[in-house]
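Same chain, two partners: chain A is paired with chain B first, then with chain C.
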Partner chain A sequence: MPRVHVTRNLWRFFPALAEGPFDLQAASAKEMVAALDARFPGLAGYLVDDAGALRQHVNLFIDDEAVLDRKTLGDTLSAGSTVHVMQALSGG
Partner chain B sequence: MATLLLLGTRKATLILKREGAGFLPVRTAHLGAGVPYACQDPRSGTLWACLDHGHWGAKLQRSKNGGETWEEVAPPKYPEGEKRGDGEPAALRYLWFLAPGLPSQPQRLYAGTDPGGLFVSDDGGETWALNRGLWDHPSRPKQWFGGGRDQPGIHSVILDSRNPNRILVGISCAGVFESTDGGTSWAPRNRGCRADFLPDPAAEVGQDPHYVAACAAQPDVLWQQNHCGIYRSADGAQNWTKISQPDAPADFGFAIAADAQDPNTAWVVPAIKDETRVAVAGALCVSRTTDGGKTWQALRKGLPQAHAYDVTFRHALDVRGDLVAFGTTTGNVYFSADRGDSWACLGNNFPPVYSVRFAEG
Partner chain C sequence: MPKAKPLTDEERAVYEWQLWSPEFGEAGQERLKGSRVLISRVGGLGSVVAYELAAAGVGTLILAHGGNIKPSDLNRQLLMTHAALGTSRVQSAERRLKELNPRLDIVAVPENMSDSNAAELVAQADLIVDCAPLFQERFAMNREAVRQSKPLVECAMYDCEASITTILPGRTPCLACRHPDAPPHWRREFPVFGAVSGTVGCLGAMEAIKVLGGFGEPLAGRLLTMDLRTMSFRMLKLARNPACPVCAT
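This part shows the complex of A and B:
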């Protein structure tokens, strides 16, 4: 199963994320977000908007490469994939 | 007598408590998050905060213990497949305004959002439904547009204590819309308004009311600080009359507050219009009318009269009885206990202020 690491910046809102990384059953980035939300209800709303697009200041890396499809999260995952959910370098 | 002052700011929700002649900060919540609007539901005492996380989107929180602890509730969500006017998928971008319902509908709340959806909850904010009548209004796709924000947004919701089926909203940019059947159907109510940024300034849809307020005791008296001046209606928004007096100054601005009892009294915080957007002549003032907008009086006692660049956003002015308070883009908050005749500074180093609301606690 893909292994998912979630940025520390989200632990403030979902303290149980500190127990990660998490091995989640998912064949795509979209399924990975759904699997995260099933485990941490409400978390998907922090990562994607109402239409399912990745939020502008959230980055998703699969095996150290940024996902290509930020609108529908169609990038595929394999059993050995490592996923990082990151906060973009923005703020202020 | 209000005992709390709630500030929604660029960096936190701040709660100030009445202390002596002013208010002192006692609590800070949501540190780091933008807070477009914070208010109290007078029916239950619950505090609400609309959040705008830079990274994580728009969220909604409430506190049932005066701000000691907060809980997150699911924010309004645009239904799958809905489109904005530009054809892009509609998704919640900003929670701009929250309005508790009438006492006769104790679980009802209204949320005004960008990109233009009005959401209604009938279970105290647990779940939200998009108001279809307004969202499906035929004017929305081509005649609503961004003003203040990149997409259309709803920033004012006015309820009529005499008739729960009557709802007015203010939309930038579209104008004032009214429903008299509980939100099933809507009609624009902008007669008399002039949008000098449109090819047809008298267009029925496309006006920019920055904020709309009503006299609680006489709900047919409405006031709006519009992008193009100040307007008043004495017939429930059927007709608007321009009541600006640029030299007062009273013309451009964002916020307007109506006296709850006297239908002839209102307050604005003037600024220089359009691309400049600073205090008029570098001198901060609040202008007040007590004759229905025939004349305006600039109230300056206690406010900085040189090198002031403050602008007061649309939700950052409030009145409760004789108490008036406002906050500014440069993090200053001012308070008056005598209807604006004199002012005291409550702090100069707050984050930019988005909303100011009195509360009980």
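This part shows the complex of A and C:
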């Protein structure tokens, strides 16, 4: 199953994310978001908009490459895939 | 690119150890001396970027940072001092940098980057280092860097996580390719250690030195991410957004 790492930045909203990374049954980025939301209800709302497109401050990387299909999240996952869910950070 | 300036004997003595670096040498040092670098905010990240670039012999630093020093700055803003609490951040930074390198030219701008000053500030620089906490500042800087075709080193952090990339307009994804919009729940103040901002600041300075000095492999089209809680580092490949509102042609 693909292994999913979620940025610590979202842990403050979903403290149980600290138990990750998570092995999730998913064959595409879209299915991975659904699987994450099933485990952490409400998390999908941070990642995608009402139409299912990746929110503009969020990035997904599959096997160290940015997903290309941000609108429908059709990028495929393999059993050995590693996914990183990231969001914009700033300085200070 | 910057115009090289010949070194004095004093400068050859000061920079002797880095002049030994292969592919850099005196020609690279002359390019640093002729360089003008804009650093947007000299806080936790920018203080360290500025200090390293001053030490390395960059000729001119343009420092943009508004406001006065607060106690909560002192865990990470290494150009600010306890004795200077309540005084101008950018003036404290200028004073500390001049102690290290009296040959350095500094343009101290007591205001933060914004839509109204970004064009003018970016126009003064050969390269920009983005260390700002607000996304409006970062987006303004990115837009102007792309429009004026200036390299932009993008440093960011949160808690013990950090990331860095180097934007070369026309060749690499820009900030808006990756993040056209700011996180709705982002706060200007967030958890961070000075050792985290210092780590990223050193990396940002090294990116600037490589781009200006014309050697090595900058993080062009690559995002280096790190989690210093676990000392995990990853190199991620970035992609240009063909519909990017800033850099798509």
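Everything that follows uses one rule, which is that the second predicted complex is superposed on the first by the 88 of 92 C-alpha atoms of A that agree within 3 Å, B and C clash if a C-alpha of one lies under 4 Å from a C-alpha of the other, contacts with A are read in each partner's own complex, and residues count from 1 in each chain.
We adopt the following convention: a residue touches a chain if its C-beta (ideal position, glycine included) is under 8 Å from a C-beta of that chain, and two chains touch if they have at least 3 such contacts.
Given the structure is predicted, the values throughout are model-derived calculations rather than measurements.
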Which of chain B and chain C A:A53 touches, first, second, both or neither: first
First, second, both or neither for A:N9, with chain B first and chain C second: both
Touching partner for A:L89 - first (chain B), second (chain C), both, neither: second
Chain B versus chain C as contact partner of A:G42, first or second or both or neither: first
Touching both chain C and chain B, counted on chain A across the two superposed complexes: 9, 13, 55, 57, 87-88, 90-92
Contact footprint of chain A on chain C as seen in their complex: 41, 43-46, 76, 130-135, 138, 155-163, 178-186, 188-190, 192, 197, 225, 227, 229, 234-239
Residues on chain A engaged by chain C in the complex (per definition of touch): 7-9, 13, 55-57, 59, 61, 64-66, 68, 84, 86-92
Residue ranges of chain A touching chain B (in the complex, touch as defined): 9-10, 13, 42, 45-47, 49-51, 53, 55, 57-58, 87-88, 90-92
Residue ranges of chain B in contact with chain A within the complex: 53-57, 59, 72, 74-75, 77-78, 80, 89-93
